[in-house]
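Here it is, the structure, as structure tokens.
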């Protein structure tokens, strides 16, 4: 190997604090698993996870407060770890989001009243359903889920922070692998859960392979993994442009898979349905947030100056995603699947926002930027999704959660509050005014429109109409259909789940009525560091 | 005094009322009383607003606060002549509706309601939703920020949906779904245009949604026409106009008459209101460009609505379809773009509100007695309940625009305007009146005259608290209190439309100036109009 | 870091390369034949036998004879076997065994006879030579696994799995042991490492690494006392149960070459390679020039070989669980901690340790980690596993593990009574007075 | 030094892996194809590193190895669980989630 | 690459030898068919041959393989670190200690959960 003199990279521990804490807690969690007797693990793990997340949140806020302006002041933040981590406004904002929803996830993970004293996770993942081994593991539950989730959270935080492709790839895996496992740990409906895990894993590994080859090709084009350097190379247009184009496409495949965009959406419904609902809630929010952060950074920073190569592709993908997501959702008969497809449609709307990128020259002062819009949309989306899935965990019968539509018939009569909350969240996802979802949609449509992508916006509006249909149909099911004999009932949850739901609904309301602060915060986050 | 946020309070009172009714565990009866009280208070507030309204003051009682600075969105309210009239209409109708629907929720309408109606707290729900709808409608009429308007415009659908889907007859939830889908589809088209407005305003300096700011923009012809289209389609669905009217009949047929009143007489006014307030004010050029098509659609609505109304056997469906014809008239009046038309349209909105409301409610009482909504199963009502029949007749005559009733004035103005625009347009419009005469009178004949048909067994009897359920009893006090004011209003404004014109003319004048059409204000053929009348009496 | 100076390599003309290759090949084959003979003789001595002494002087040709015999045996392919893999497996086992020797330095640069050029006594070298050795060695495992798998017999399958499992287990320990060496040599090229030991052998200053390596290398080569894959008692012949004729011979060859390889690597990395033992070069400065060092090299190597034989002759076979536990629970943690310790010491020596420690973060982290490591170790030694998860094996099998029955009259210490070839049939007393040794040496049964 | 052949080779390997994933039905085999893709990426990375004369590619290859290892561990765990439950690693047999 | 060609030469030599001997044994050895001989050996009892590839074996082996992967990767990182240790000095030490500690955590977990026990 050629002898390059070693230069010691500087690690800005202060600004990396949130990530370090989460990783540390994850490792600590493993230690707890190893040394704390089983009886005390559950409490220890929960407390540990929550404490870690809280610390990380505080750290995030502090970091966000003292980001210093760089360059022309459009962006604020700093590069650390030899430029592999870029801590700028959007990144910190996304950290905050991920951490908040991670807290929600922990609360849902820790819910034990619904299953009668045990969590929703299998006692012994490897035990065959219906065997002696499983019966022995009946009273137990896997507390490993907390460390696993912490690792996933760390990956989600690093993903949008990554300043070079390699880090991005590693983060991608760090966030994916734990999720693969978490998907397979459901206590009820083991086969479904395991199947979901396998599908998610195989497809996920497949897509990460694409991503990696894209990394290789782009590296071949630019001679560096660093996004800034890639940007330079793209501007200079040195090197083989086909390499760049193909690499870009492959990278896009990898990322679009993670956000579940058509034509890479096939895993989403299966996994969302099969995974334990708590995991689904966390995954639906976290993964999308992290992955969109990465998409934005990659395409705005790395390939920003080559917009005309990737925008047509994204146009098609966005349109397909919205239409397919909305149309297929109609034919669903299972709540979780319906939510999954709606999340696909949301991906489409977010991609519409991604298309709204404009150079600061093109923007009027005070006009909302695409970054701002997407960050806001992710916020609303996350809250409504987490809360919605949390509610799904409540509707149960003797066999666990009852997710089939007909089981939900007349829920509004039996427990108007839960049904009302769910209806409200659905309305928010449908983008009815006075909900967070409306403002979010408004923002992304606006930016896309001003960037001249009005055909996409029109399609988006069309698919919104379609989407509204199945949302309202479900509301109608809950309120205007007479409950049948086998309608499921709502089980009273412990404070943990109730808190999650309450916060989610409340946030959705507030974001709908006074979106100003969050929007300004997102705007204040500024641009990526180029 | 002027800095007191009258309009905000006006909106908040019913809103708070609805939330309170929804949350407090009151028994249905008290909930109704509470709701009625709230709506009356609202009416009083509306009157107060009217009291300090200056006819020539343009937009007044304005309040403006930043809401979402990132979008240039403000919380901005204000009233002008148009807004005032519609606010008053709303404020008047809601209490009446609450009274009229007093017993609907206890005793479901029609023989097949039981399986779907929820008993528990349903009365409360009805009151709560109604008040919510009132609050939002008032906000819509008072909004002077396009974003705010859009938000409440869409938000009105939620209470409306639950009113239609929750109370009424079998198949109502399907009807509600249809209603909602139509409205939301229209609303999203509107969304596109509103976003377009933002983009345009962003290109010309800092984005703002204030109506006053938007009027300053110079929107390119091309863009203007596209945006106009978006607005117009949404309002056409709302109004409704011919091609997108199909939700109307189903909804009115399935919902309770009270709900239908709220929908047809208040909500649908938003459509025509929007046409005036946004299509004309923001896109004058595009409006003129679109006039021929719109007029054609209006004419089709008039004739088509009247024609299919004739053959209907379901009384509620019939009344609903008459409204299609009426909204045709209103739209016609708006888009012939002259002052007669404008004033006529504005008047028409109010009068149609009163008239159709009376008709719906009266029909509701009849149905309550006969236990059916099918005209073919009624008949001979006038022998049993002459007073009810009489009021029903007056309402019907108002619907067909009999001279001396208020609707005549507005219809007359619109038709004059139509003739001014194109003689043949006027001619076709006139046929609408003829057809109206047919369906109204025939309906009256089939329901009220003739031999008395015994009520369907086991329906409508004894379920009513104040024992009006019996097919024999005539109009009860409650029902009288509901119907009389409407009929009085119809007659009063028939002879003395001055106040309405006073309120509407200046508005129409300024509007048409903006559109670029100027001609003399309409002269009213009633001697009283010389004496200046203050608008209070309008309330 | 200065790049490794490998300028001496890659200069040879093709014929020289060929000569070297052939030489290594021949040496290895001969060495194997010799080792087999030597092993049998030594073990025989340890068991008061004579060992092969018929063919050739001291029976030196015995192994060759065995080879020929094997060649004349029928070559059986069981019908349950996967034919192709079954045939490929032995080949796959042999090739890596030979190849690893390519980077072993036999001596310094010497002049080539009948020519004027000089060349190092080493086929080739590369910056990652040792890594190369380990890589190729682990390819050899494929041969064993595939052999066991393709035989289509339970014994073979389990044997193959066992051997692969234990090989990889001990490969970890071995790899960790080497880290210290690279740390000191600053290179992974064998010639450089030998160069770095010119003053003192790593075997002395890195004693723990050396010990770990030696243990690991025994496990790596499936030799007694770690020869579980061929544990006749449990697995008949292990992975090569189904093999016969020369295919079996190839496996056998591979095993012995591997023995030689690991010994050679040990010599190179820890005992100064071809360098003469201390002192000798002082009294005789020619000791490290020319072809002489080859002697030292082979001497050191044969010492290791003898060590192998010695172990086999004297130690009983471990139980599989003990064996794995030893590898995973003792060797690896020790190796890890030792590596860290070595690095720390080296750093301390390189530059003013206490000057560096002013960096508070590093200090904190270092201390913290040290605490964690120690704490973890203590915790392990305190209580292993978890009662509710690790079933107590002893309870499961009361009476523990079977041991050979004690002979009548208890175990005899010392030499067994000599055989008496009486004309009469041996009396019962003689039978009882002639018990088998209490512990049957595992390899003893392997006499052909 | 011209690295094109290596890049081409990596492309071929990658394609083989992709096709394998898309066509094969045995989860283990699919998984092996994925690994093949990753290794193709490694080859490409190293080749490009050689071409650009910097070490980024090689380092990347290191990390990819780690990731691949992690994937192996997780993946085999999942597949094995499924295999134990339904005695088959065929992707088609896992069809509970078809709708 | 010149450094690696001799390896190929040696490999070729070894391969040639191996293939040769495999081939030879088929020629030199006798061929006496006997059905029992072709059965897989099972100490004389009726053989129950494993279908090739179908053999199921203890999951322990799988766990061992997993652990091996983990530690082998660790070693892969340790080697270059060791070779260039002097250049990286304290930084290198600290980072590697953290790295080792991380692996150690996983190791501890496996140990405590009985992953290292051979029942």
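Quick notes on this one:
By written order: A, B, C, D and E. Residues from 1 in each chain.
Simple rule for what comes next: contacts are C-beta pairs under 8 Å (C-beta built on N, C-alpha and C of every residue); 3 or more make two chains touch, one makes a residue touch a chain.
According to UniProt, the chain labels map to these proteins: A = NADH-quinone oxidoreductase subunit N; B = NADH-quinone oxidoreductase subunit M; C = NADH-quinone oxidoreductase subunit H; D = NADH-quinone oxidoreductase subunit K; E = NADH-quinone oxidoreductase subunit A.
Just so you know, these numbers come straight off a predicted model, no measurement behind them.
Among the remaining chains, those touching chain A and also chain D are E.
Chains that count as touching both chain D and chain E, per the definition above, are A.
Centrality annotation: A (chain centre taken as mean Cα position, compared with the mean over all protein Cα atoms). By number of C-beta pairs in contact, chains C-E lead all other pairings.
Centres computed as Cα averages put chain C at a distance of 14 Å from chain E.
One finds 96 Å separating the Cα centroids of chain B and chain C.
Chain centres here are Cα averages; for chain B and chain E they lie 83 Å apart. Chain centres here are Cα averages; for chain A and chain C they lie 52 Å apart. Along chain D, residues 77 each make contact with two or more other chains.
Residues of chain E in contact with at least two other chains: 72, 84, 87, 91, 105, 108, 111-113. Within the complex formed with chain D, the residues of chain E that make contact are 59, 62, 66, 69-70, 72-73, 76-77. By the touch criterion given at the top, residues 1, 6, 9-10, 12, 17-18, 20-22, 24-25, 70-82, 87, 90-91, 94-95, 97-99, 101-103, 123-126, 128, 131-132, 149-158, 161, 165, 168-169, 171-172, 175-176, 178-180, 182-183, 186-188, 236, 241-242, 245-247, 249-250, 320-321, 324-325, 328-329, 332-333, 336, 339-340, 343-344, 346-347, 350-351, 356, 359, 362, 365-366, 369-370, 372-373, 376, 379-380, 384-386, 389-391, 393, 396 of chain C touch chain E in their complex. Considering their complex, residues 62, 65-66, 69, 72-73, 76-77, 80 of chain D touch chain E. Every residue of chain A that touches chain B in the complex is listed here, in rising order: 364-368, 372, 413, 427, 432-434, 438-439, 442-443, 445-446, 449-450, 457-458, 461, 464-465, 468-469, 472-473, 476, 479-482, 514-516, 519-520, 523. Here chain B touches chain A in the complex through residues 66-72, 115-116, 118, 120, 150-155, 157-158, 161-162, 165-166, 172-173, 176-177, 180-181, 184-185, 188-189, 191-192, 195-196, 198-199, 202-203, 205-207, going by the rule given at the top.
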